[in-house]
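See structure below.
As written, the chains take the letters A, B, C and D, and residue 1 is the first residue of each chain.
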Amino acid sequence: MRGRMANFKGHALPGSFFLLFGLWWSIKYPLRQIRRRRVRQHGDREKHKHSVLFNRIDLTEGALKIFFAFVGIMAEQFVPDGPHAHLYHEDGWVKLMNWQHSTMYLFFGISGIADVLTVSSRRVPVGLDSLFMSLALFVEGFLFYFHVHNREPLDQHIHSLLLFAVFSGSATTLMEVFKRDHAVLEFLRCTLAILQGTWFYQIGFVLYPLSGPVWDLMRHDNIMFITMCFCWHLAVALLIVAICYCGVYGCEGRLMGDMEMGLRRSTVSDSSSKKALLQDSDEE
Amino acid sequence: MRGRMANFKGHALPGSFFLLFGLWWSIKYPLRQIRRRRVRQHGDREKHKHSVLFNRIDLTEGALKIFFAFVGIMAEQFVPDGPHAHLYHEDGWVKLMNWQHSTMYLFFGISGIADVLTVSSRRVPVGLDSLFMSLALFVEGFLFYFHVHNREPLDQHIHSLLLFAVFSGSATTLMEVFKRDHAVLEFLRCTLAILQGTWFYQIGFVLYPLSGPVWDLMRHDNIMFITMCFCWHLAVALLIVAICYCGVYGCEGRLMGDMEMGLRRSTVSDSSSKKALLQDSDEE
Amino acid sequence: MRGRMANFKGHALPGSFFLLFGLWWSIKYPLRQIRRRRVRQHGDREKHKHSVLFNRIDLTEGALKIFFAFVGIMAEQFVPDGPHAHLYHEDGWVKLMNWQHSTMYLFFGISGIADVLTVSSRRVPVGLDSLFMSLALFVEGFLFYFHVHNREPLDQHIHSLLLFAVFSGSATTLMEVFKRDHAVLEFLRCTLAILQGTWFYQIGFVLYPLSGPVWDLMRHDNIMFITMCFCWHLAVALLIVAICYCGVYGCEGRLMGDMEMGLRRSTVSDSSSKKALLQDSDEE
Amino acid sequence: MRGRMANFKGHALPGSFFLLFGLWWSIKYPLRQIRRRRVRQHGDREKHKHSVLFNRIDLTEGALKIFFAFVGIMAEQFVPDGPHAHLYHEDGWVKLMNWQHSTMYLFFGISGIADVLTVSSRRVPVGLDSLFMSLALFVEGFLFYFHVHNREPLDQHIHSLLLFAVFSGSATTLMEVFKRDHAVLEFLRCTLAILQGTWFYQIGFVLYPLSGPVWDLMRHDNIMFITMCFCWHLAVALLIVAICYCGVYGCEGRLMGDMEMGLRRSTVSDSSSKKALLQDSDEE
């Protein structure tokens, strides 16, 4: 029998992973966009400058995903009350919950492998990493969907709200297969990752409160509040990502401000059409 | 306890906002299309002429959205029977309905901030304003969806019809992230905004009639009529937007009619392919 | 009280309209594609040759839609047991069914007006006609969806199968807003129009059989058969459209066969890439 | 009355077909991509080299589909307990299950005909083969959806999981109408075909076990396991397709390795933009 503390940690762990990745992405993507813009402005001279660096970053990200997935699977399997890699006893399936969590981690691990392959081999079609990330999120949502049967209303509701974040994330990542390096999609993906992270914590706090009174899982008022609370998490996630983006752009601005001084705001429509033409040639 | 008059106003207020924005958009967008076509015909000469004006208009629109959202939040919080910024008493949540409405206004305010940022900074990726508008509409629909539990059939039905307008609007705006300045999407968005506006009024008239008999909320006939009535609202919204567009084009036609006299209807396929090529370079 | 004959006719009438439009489209679209290909091959020389003819055809189509919609509305309103333009009596709504059908016809009429405007004015954005056609189909499906409450299982099922054809048609037409003149979408739209037409007839034959025994509306076997039967209708519709396309291409082939003798099948990938380039400049 | 063995075979047969096609596709598509890349690098010299071969392969594939579909229909109709082409007796419909399976096979046959026509005629619009394949998968899912009424929970669940694979496959193929030769979509389609194949076998093993104890179709644990098992099948399908792709690329690498030695990994962004430009001209 699992304790309350254990179950809180069980939600905090994936929550922390998503939070970390969301924060990391909201630093990586604006940096990459800055680099891409500089390549456009300065032509081939800048092209190879950070190329190796960004490849190495993507490799590390993939390796980290594989590592975390491996740790997650091991933890789920070999915690004291885990299935210890046994699937079936004569009296039925062993610890299916842990097996399901292992399966979720497995797909994030596969997504990590796909990331590594996409970076390291020229033959792997562009966008395959996004497909695998999207599949990993889909499998997570898919298993959660059939996970929360026969629970109390608030428990079901709070998990089904999680599914909004998970499936939206999966859909956004799937669209990135077709629209590579789309700034708005990247922004949305960062937001949804952070939203998922903070919502995992919220689930932990609501279902297994570390202190204070237990929530009444049957009360309709609580369901209404939690629905609204999800929107607040979304607002906070948007704020966090916006701050990260602004921070990165701000630091870059100090470095490159004098360089771009010549370009004026009044040329916005001109530059946006130029941007589009250049982006076209980047797109698949 | 809220009176019937208060509740009617509670639906008329957001209805008026959507109606105003819908009408305003159905004047702004044809104007913008006229300007864009002239820029195409006359090249760079026209480009900077109205650029500052349109930027200023977009800024004002964003600022108005922020202002209205702020007023809406304040009104919901500090009306005599509002929660006065209290969320929790010892006996449970305080006035969750008002908090939910505040949350909806909050996201429209965030969307206004995104509008202002998109116009005023060159670094903000094109399309971010549409993403935030789409999110604001999604949150509105999301909260309404879990809002109307345990009510009478007609009450539920009339609100779920509202969701059609809200989510269609959200989807249309989301597509505008990828298809910037698409004339048909702009037309559809104007229509859906006006539809939402008039339907808010309709909800007010049905659920809290100012005069005449109260509607029987259980009767199936009424549900059938309301479904059909929603389609009539759609037809009226289409008509209003069409009139606005025709009006703007008509006035412009008088001014520029002599200029474009040379171009004939018979060159339609020629002009449409030219249009497409030009639009391509505008697109992201 | 309506007789069996009347009700059969009530399904045969819209069925005939959809069937006619489906057949007509599956002649018009291959003709238009032939013309477009010749324009590509022979340049501007061919451009103006059939341009006026095709514009006139589209105008006639729009006018026919308006006329049919007007006739449909009048018929629904002024048949002996119709509502005669009365909406409300003291004892409730008058003949809501007829009003709903009138509303459906109204939207097809609006779509006809949009067709006429799109052809006759250069200012109307390309694709608006598709949007209105899509809306008309959506409204048809929308009203049917809330139409078939509280009926026998087979009656409900046979109408909900109709919705598949209606909503697929609506989605296909909506996509044509973004992908103009896409040969596959046009083929699919023709098929779905014919499918809807034949399925209206099927509904008439099943629910109001002109001769032979009445169908048992509660039996599960019948529901299973009807589901399969819908697929057969789809197969037949595909066959009909394919025959029409082949017929048109065949006749054209006899005329132009010598002209295109020089182009060989082996140059397929070459021609397809050229086709794509040319189509790009046609697309919006 | 069908025996257990018969019913197992009834699931193994379509499973084998999907498995075969999935494996075949995961060899064909990487080969085609290799050829396409060589055409890009070496220009027109390579263009006609394999063109005839690939056309012949596509023709054979279409012909095989038609043949298999014909065999399937015949088998379903003329097995000893089949309907022998009788649809109706005085006591009701004859063997509707077999008729439904025949209908499914029919649409795969139609899809085969479309394949043959697309290859052999220049007039057939590009993408029509994908549309018909998508329709065939849709009809399969559509009939299965209404197929599994009134069965035990596990039986329903295991079939509804199949629908995930079927409808995802249909959606992927539909997208290929618009995105021709998209490497990621091809990869996904191969995976989903193999997933469907192995899942058919899984259904056979679970519902009609050849040896060992019968599964308890009411137990919730079993449903949970089967859900997770579906994800494992997906992982295995991804692995199989990845191995096939790697195998094909590996063999090609040995042959062409020296040729491409000059191109370095560091030029990745350069090559990807070139790839995009080239792919653009291939796309419809």
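Just so it is clear, a residue touches a chain if its C-beta (ideal position, glycine included) is under 8 Å from a C-beta of that chain, and two chains touch if they have at least 3 such contacts.
On a predicted model such as this, the values are computed, not experimentally measured, just so you know.
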item: Chain hops separating chain C from chain A, counting only touching neighbours; value: 2
item: Farthest chain relative to chain A (centres taken as mean CA coordinates); value: C
item: Chain D against chain C, contact positions shared by both copies (same if over half, else different); value: different
item: Chain B-chain C separation of Cα centroids, rounded to whole Å; value: 30
item: Averaged-CA centre spacing for the pair chain D and chain B, given as whole angstrom; value: 43
item: Numbers and ranges of chain D residues touching at least 2 other chains; value: none
item: Chain B-facing residues of chain A, complex; value: 33, 164, 179, 182-184, 187-188, 220-225, 227-228, 231-232, 234-235, 238, 249, 263, 265-266, 268-273, 275-277, 279
item: Of chain B, residues touching chain A in the complex; value: 47-48, 51-52, 55, 92-93, 96, 99-100, 103, 106-107, 110, 122-123, 125-128, 131-132, 135, 139, 142-143, 146, 149-150, 177-178, 281-284
